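Chains here go by letter, A, B and C, matching the order in which they are written, and residues are numbered from 1 within each.
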Amino acid sequence: MSGIPSYASTGQRVWYYTFRVICGVIFFFLIAPIVVVMPLSFNAQDFFTFTPEMLRLDPAGYSLKHYRDFFSSPDWQQALGNSVTIAPVATLLSVGFGTLAAIGLSQPHVPFRRAIMAILISPMIVPLIISAAGMYFFYSRLGLQGSYWGVVLAHAALGIPFVIITVTATLVGFDHSLTRAAANMGADPVTTFRRVQMPLILPGVISGALFAFITSFDEVVVVLFVGSASQKTLPWQMFLGLREQISPTILAVATILVVISIALLTTVELLRRRSEKLRGMSPQ
Amino acid sequence: MSDTTLDGPVLAADGTPLKRSLARALRRQKLRALMLIAPLLIFILVTFIMPVADMLFRSVENGIVEDTLPRTVVALADWDADSGELPSEAVFAAMAADLKDAAEAKTHTKVGSRLNYENPGISSLFRKTGRRAKKFDIEADGPWKEQLIDINDGWGEREVWRTIQTYSPTYTAGYYLNAVDMQVGTDGAEMRPEDERIYMLLLKRTLWMSLLITFSCILLGYPVAWILANLPMRQANLLMILVLLPFWTSLLVRTSAWKILLQQQGVINDILVWIGLVADDNRLVMINNQFGTIVAMTHILLPFMILPMYSVMQTIPPSYLRAAKSLGATDWTAFWRVYFPQTVPGIGAGSILVFILAIGYYITPALVGGTTGTFISNRIAFHISTSLNWGLAAALGAILLAVVLALYWAYDKIVGIDNVKLG
Amino acid sequence: MKLTKTLLATTALAATSGAALADGHMANELTLVSWGGAYQASQVKAYVEPYLAMNPGVTVVWDESSAEATAKMRAMNEAGNVTWDLVDAVASDAMRMCDEGLIEELDHDADLAAAPDGTSASDDFGDLLVSDCFVPQIVYSTTFGYRTDMVGDTPPTSICAIFDLDAYPGKRSLQKRPIDNMEWALYCDGVAKDEIYDVLGTDEGVDRALAKLGTIKDQVVWWTAGAETPQLLADGEVVFGSTFNGRLFSAIAEQGQPIGMLWDMQSFDLDGWVLPAGLPEDRKARAMDFLKFATDTQRLADQAAYISYGPARASSAPLVGKHAELGIDMAPHMPTDPANSGNVHVYDYEWWADNRDDLDAKFQAWLAK
């Protein structure tokens, strides 16, 4: 699909370009909110409004005060700290348990497969507010409410369906004769898993981990119930910011996160290209 | 070649009959699979299923009336609500004694607010009477019928007693009736008055709008997934970043951004006015209505549609399309008859994902939905954190859950849950 | 004279705090629940920081959960695991929690500081002690702000301007709940102020209120969070918007937005502290010690230097000074200032406690149609 063939008719050409334009518009739709958020985070005022000064590009309309606020406020710093300590651990739990279970589920003979699958996917199906309230009561009784592990466990549960779905999907196409061959050649089950199975399902595990991480990192309903003040995460702090007093600090935080994620995604892409080159694979 | 033609059972290498050996191997295989699944299953059961079950149990649980007013419940059992008469003195005396105990334990207002859900005004009746009840002397004072009615004439209303009698049992269907806009009337269940019917309307709206959102996600996601799957890897990966970026932006921020874009003095209206498409005094209303909810939620859920579609499209060899065309198919026929059918699992996976996620959303509809764009989850949240009618919240949640499970089941039957791919 | 008494009172206070500390029976961590935002900031500056300065070794943890206070208190109580020490709640929530036994009843005269002139706490707070469990801190009001540049030459003076689409075209923002809105609608439909709740108690009255609201329904933006109306006004999305008066003050005075105050028929409400029931002795002792300090005359007056809510003690009113940063006189911005409180609406807690669920169902059904 790199370009149109020279024999294409006029209609095909017109459609080719129209289609590109349509896709461009949709891509713009996807990033439009981010395009709006970035300039507003430099607003000199405390509202989410493009002021006349900003539109005139007058420097007086712009300021870094919301960024200063983010870096100097202990509330935001604590929230950031909580988010980066909760999300990875929750992700690790979801991925660990989830991958094992997905491998189990992909075995040829699993009793009650459908029922088990339904249970494992349920955190995605149950409306979040119901889960949140239920966890609140139940975790209170276990003494987990308002504790770090309470939030981590709750978030891990929410992330599991994504891991299960992505990993089982990669396993559907998995050729089981490979594990048998490995066993045949004397590998123990752990080695087989590590050296044969894991590399093949790794893409599924990684994308499951990504979803699980985002689920925890962007989750506000459950943490509001299950957490207490000392587990306040970034989304929680943002939620407060929207409810009590509008403050573009939220937008500054969002901008920082977007910049970090662009950097991360680009690094991953560059690393991938490099390893492709090293492995001598020609880019398509 | 069957067993019967042989003298004895076929033996495996270790001398055990093959059948048994195979059965054992199968059992071991099953066991190993279950061992792998067990940790997660237990984890989910404890951290998730039990909490949710515990919550949903509240939708039928009604022990509070029986526990707080034990004597009254027994005494009132024989009263015929349609007899046209008030309950007997014994019932009133039982109520006085129960109220005295309840007021000392401070539980009288709880049962009052429980019954107030069914019959407005009972809450204040219990509260006001409770204030005096601590000083009741059950033996000496009396007769209680006069005394109680004297304290508050609410006790002289048969409807109050009927409500107490109706909601005496330990379990109730009352919350579910309420959740489908019904109530217990004089002759069993009946519809609520027109001006109080809301939940069925909200449920229908939630389903309808989730469907619209799913549909617009398909419409917008399909071309994007297609171009991602058909561009060279390098370009596709760069464009993929654009799809993943919104994911990294907080849901709250994205919703706020849509507010800034869509409102009447917002960016889009400003641009339209500047171009001259829209008059300044006639700006478009695009937010605080269904349109706002659909746009914002389509945006938020679009990556969940694109990724599964993309992963399916990636596996379709481009040679199929070329083959179809070389056999004389037009572009459209080749796409519609050859390519599209192969992408259906991706569409299905994305749709079920988007639909299920959409149906339970409440923060986005609350922020951009106004009055006509709010979902049933908003009411559930309201009953959990504001009105504290947890039984009703649980009943609404259970109904919503049942709808989602039915859809999930249908999906599993038609497409198979294994075919869900997230990329 | 007055100064000496204030001084005496403060020294007495300091002495009690010191004595209690020496006892060693007070917990050193205090979990306070409040609303976040500018309001919580005013609490920090007015009495939490001074208290911590007086009691080194004590740490305060804030939980911004006041909006969900009743639900969470009930759940904590059910689970038998109360993690909060002192909760900031609006009066109606406090009454509800008190009714359910979730919070402690207090002896206001014994537990709270007297006024500097010796007036007992219960007399100093007066009618504002709406519940035995509740210690009011501030009087706030839900009232309207309007865009000064969108109302022409005739700024509104009556609340009924909200319902006048001819004179003031454009959108209005109202809180998404029946409370206040139903009363304002009936008032503007010609019902006398003291008959509002009698009328609202009948089905016809409810229909009448909804019909009046129906005349502007298309033009209403409904809000749920207090920060929404100031944002809508700042954007020029609405001509009028109801919100808490402190939010409007900060948009006008601190942010310089073109917004005017419409105080007519402002709806008074109270916000204050409540003490969760069943706390362990050491935590309770710490909470009570803080409570006594934080609700004395001077502290409540100090709070008014940071936010435009009226102090709940009569004796604090004369001490209200200037805004701590802007240096403007705070008194004229208080909802309780005589110039602002000529015509106020006092909302009936009791009536709403009984009828809220019922009216809410009707209101929401009406909204959804």
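One rule holds in what follows: contacts are C-beta pairs under 8 Å (C-beta built on N, C-alpha and C of every residue); 3 or more make two chains touch, one makes a residue touch a chain.
Not measured: the values here are computed from a predicted model.
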Contact graph of the chains (line, ring, star, complete, other): complete
Reported most central chain by Cα centroids is B
Here the gap between chain A and chain B, centre to centre from mean Cα coordinates and rounded to Å, is 23
For the pair chain A and chain C, the C-alpha centroid-to-centroid distance in angstrom is 39
So, in whole Å, the Cα centroid of chain B is separated from that of chain C by 34
Note: chain A residues in touch with at least two other chains are 48-49, 137, 242
Shared-interface residues of chain B (touching two or more other chains) are 384
So chain C residues touching two or more other chains come to 67-68, 235
Residue set of chain A touching chain B in the complex reads 1-2, 12, 15, 19-20, 22-23, 26-27, 29-34, 36-37, 40, 48-50, 93, 97-98, 100-101, 103-105, 107-111, 114, 116-131, 133-135, 137-139, 153-154, 156-157, 160, 162, 165-166, 168-169, 172, 207-208, 211, 214, 218, 220-221, 234-235, 238-239, 242, 250-251, 253-254, 257-258, 260-262, 265-266, 269, 272-273, 283-284
As the complex stands, chain B meets chain C at residues 105-107, 109-110, 113, 116-117, 120-121, 123-124, 127, 195-198, 201-202, 205, 263-266, 288, 366, 370-372, 374, 379, 384-389
Listed in rising order, the residues of chain B that touch chain A in the complex are 26, 29-30, 32-37, 39-41, 43-45, 47-56, 220, 223-224, 227, 230-234, 237-239, 241-254, 256-261, 267, 299, 302-303, 307, 311, 318, 331, 356-357, 359-363, 367, 377, 380-381, 384, 390, 393-394, 397, 400-401, 404-405, 408, 412, 417-423
The residues of chain C that touch chain B in their complex are 67-68, 70-71, 74, 99-101, 171, 176, 207, 221-222, 224, 235-237, 350, 353-358, 360-362, 364-369
Within the complex, chain C is touched by chain A residues 45-49, 136-137, 140-141, 143, 145-146, 224, 228-230, 232, 240, 242-246
